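Some structures to go through are shown next.
Heads up, the next two complexes both have chain A, just with different partners, chain B and then chain C.
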Partner chain A sequence: MNRADTTRHEMRTSSATENLAKIRRFVRRAAEERDVPEKIVEQMILAVDEAASNIIRHAYRHDPGGEILIAAAFEDDRWIVTLRDRGVGFDPNNVRRPDMATYLKERRVGGLGLHLIRKLMDEVDYESGGDDYNQLTLTKNIAG
Partner chain B sequence: MAEFTATVRSLGEIDVVDAGGYLDAHTAPTLDGVLHDLAEKGRVKIVVNFAALDYISSAGLGVFMANIESIRGAKGDIKLVAMKPNVYNIFDLLGFPLLYDIFDTEDEAIAKYNNPDKDEK
Partner chain C sequence: MNLSHHESNGVVVVEVGKGDAVSANAQDFKNRLLEFVENGKRKIAVDLSNIEYIDSSFLGSLVSVLKRITDSDGGVKVFGLAERVRGVFELTRLYKVFDIHDDESSAVKSFTDA
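Now for the complex of A and B:
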């Protein structure tokens, strides 16, 4: 099996929810380079969808004029997908892990995305670049 | 083809919403509208049938969080049925089986409405 680093796939899109389907297709195509188990492909698709949805909702506050840059690459057995935006950053440490029973009582509907991303991925790293860009890095081990 | 579809079948007091396709942050408002309209009409015994649903993200789960309290407050419920394994896994990851009735078949959900005394959630 070829363990060498492979092609880096990139896509640039605007911050509109109608682009989520296109983003999911991009992730699936990026997976085709390697023999990635279907379950892991689905987990990465969902994590990237959640991350892009959060960028649209929180970083750009539903303004469809923002830009999202997504890059996917394999490094050995690690599949790494990064999402960059130039919207409003956040401190992930301030996003608490929701208690679902409390959620139901409080009728809260947000905050599930990051919680799900953390459950699905092996590593999640976020850098808020001040006035430049924010970058979320999602890493999944594909060796199983 | 539409990315997401939601159609309502009325079975007496119970309404079954057939959800199909991809339920994400773009399409979740469609389902939210359907559930909201049913509740407005006092049709609060709801079954959502996921047999044709291929994908769900947290925005889709958020629709149930947003509507469940008012519907239960009106003595109704939203019962969830016929999920594909990949869809069920997402509900399970977020702990939904503790909060919602989830059944393999529509008939089981309808039976639960008709015989609600057993282990109510």
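Now for the complex of A and C:
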């Protein structure tokens, strides 16, 4: 598919936990444009869900009045989903990769979401504060 | 989130009702399991066979309960994982933390074998 033919799907929602189900449905609908293998659809849904959860929990600190913008598009064989927010940014390099050996011992329940996102996606990019937005870009190769 | 439970050989078997195991119900799930712990129940087997989708918040709740119960010399087992739920346990490497079983009888029996 020519890049110019790509349809861009967008959704704007608020940072309420109840909206995560809506976000998951949005990702599934966006996948219908292309013949995306079901396993990859599920991986993208989980990654976007985890990213949106992190925005709600960390960027907006559970304030349901925050704004989340999500866009999904295909570029050749790459499926690219971006999530933007105006909350508190973070440095993903400072998020510890969970060490499961000490995970239980320290009751360390944070960091699992970002760990999952990195495992599920081929590329993960994050920009904090540019253009007043934080932007997380998730990329998955759909060619298999 | 619909949770039902029964006891089998001193093990509380908690069946998680049909739906998604996600952040919207993770706290409720955790609180309800911790009620068992506070009431002296230290052996819990969680039936996830009705669950098709699980996120890290829900897994975090399971870890919290396991931690609490391990402190009191008990345990949490999980069983009935659908393929995609099992995949999330594997990606997070939580299969190393939880004792995972195919079915209820295996999960319950594992407490007496321990």
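FYI, the second predicted complex is superposed on the first by the 137 of 144 C-alpha atoms of A that agree within 3 Å, B and C clash if a C-alpha of one lies under 4 Å from a C-alpha of the other, contacts with A are read in each partner's own complex, and residues count from 1 in each chain.
The criterion applied here is as follows: a contact is a pair of C-beta atoms (placed from the backbone, for glycine too) under 8 Å apart; a residue touches a chain by one contact, two chains touch by 3 or more.
None of the values given here were measured: they were computed from a predicted structure.
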| item | value |
| --- | --- |
| Chain C versus chain B on the shared chain A, clash or fit after superposition | clash |
| Which superposed partner A:G129 touches (first chain B, second chain C, both, neither) | neither |
| Touching partner for A:E42 - first (chain B), second (chain C), both, neither | both |
| Chain B versus chain C as contact partner of A:H115, first or second or both or neither | both |
| Which of chain B and chain C A:E18 touches, first, second, both or neither | both |
| Overlap of the chain B and chain C footprints on chain A, listed as residue numbers | 17-18, 20-21, 24, 42, 46, 49-50, 53, 56-57, 100, 103-104, 107, 109-110, 112-113, 115-116, 119-120 |
| Contact set on chain A toward chain C in their complex | 17-18, 20-21, 24, 42, 45-46, 49-50, 53, 56-57, 98, 100, 103-104, 107, 109-110, 112-113, 115-116, 119-120 |
| Footprint of chain A on chain B - complex, ascending | 3, 22, 24-26, 55, 57-59, 61-63, 65-66, 68-69, 86, 90, 93-96, 98-99 |
| Of chain A, residues touching chain B in the complex | 17-18, 20-21, 24, 42, 46, 49-50, 53, 56-57, 100-101, 103-105, 107-110, 112-113, 115-116, 119-120 |
| Complex contact set, residues of chain C against chain A | 20, 22-24, 53, 55-57, 59-60, 63-64, 66-67, 70, 84, 88, 91-94, 96-97 |
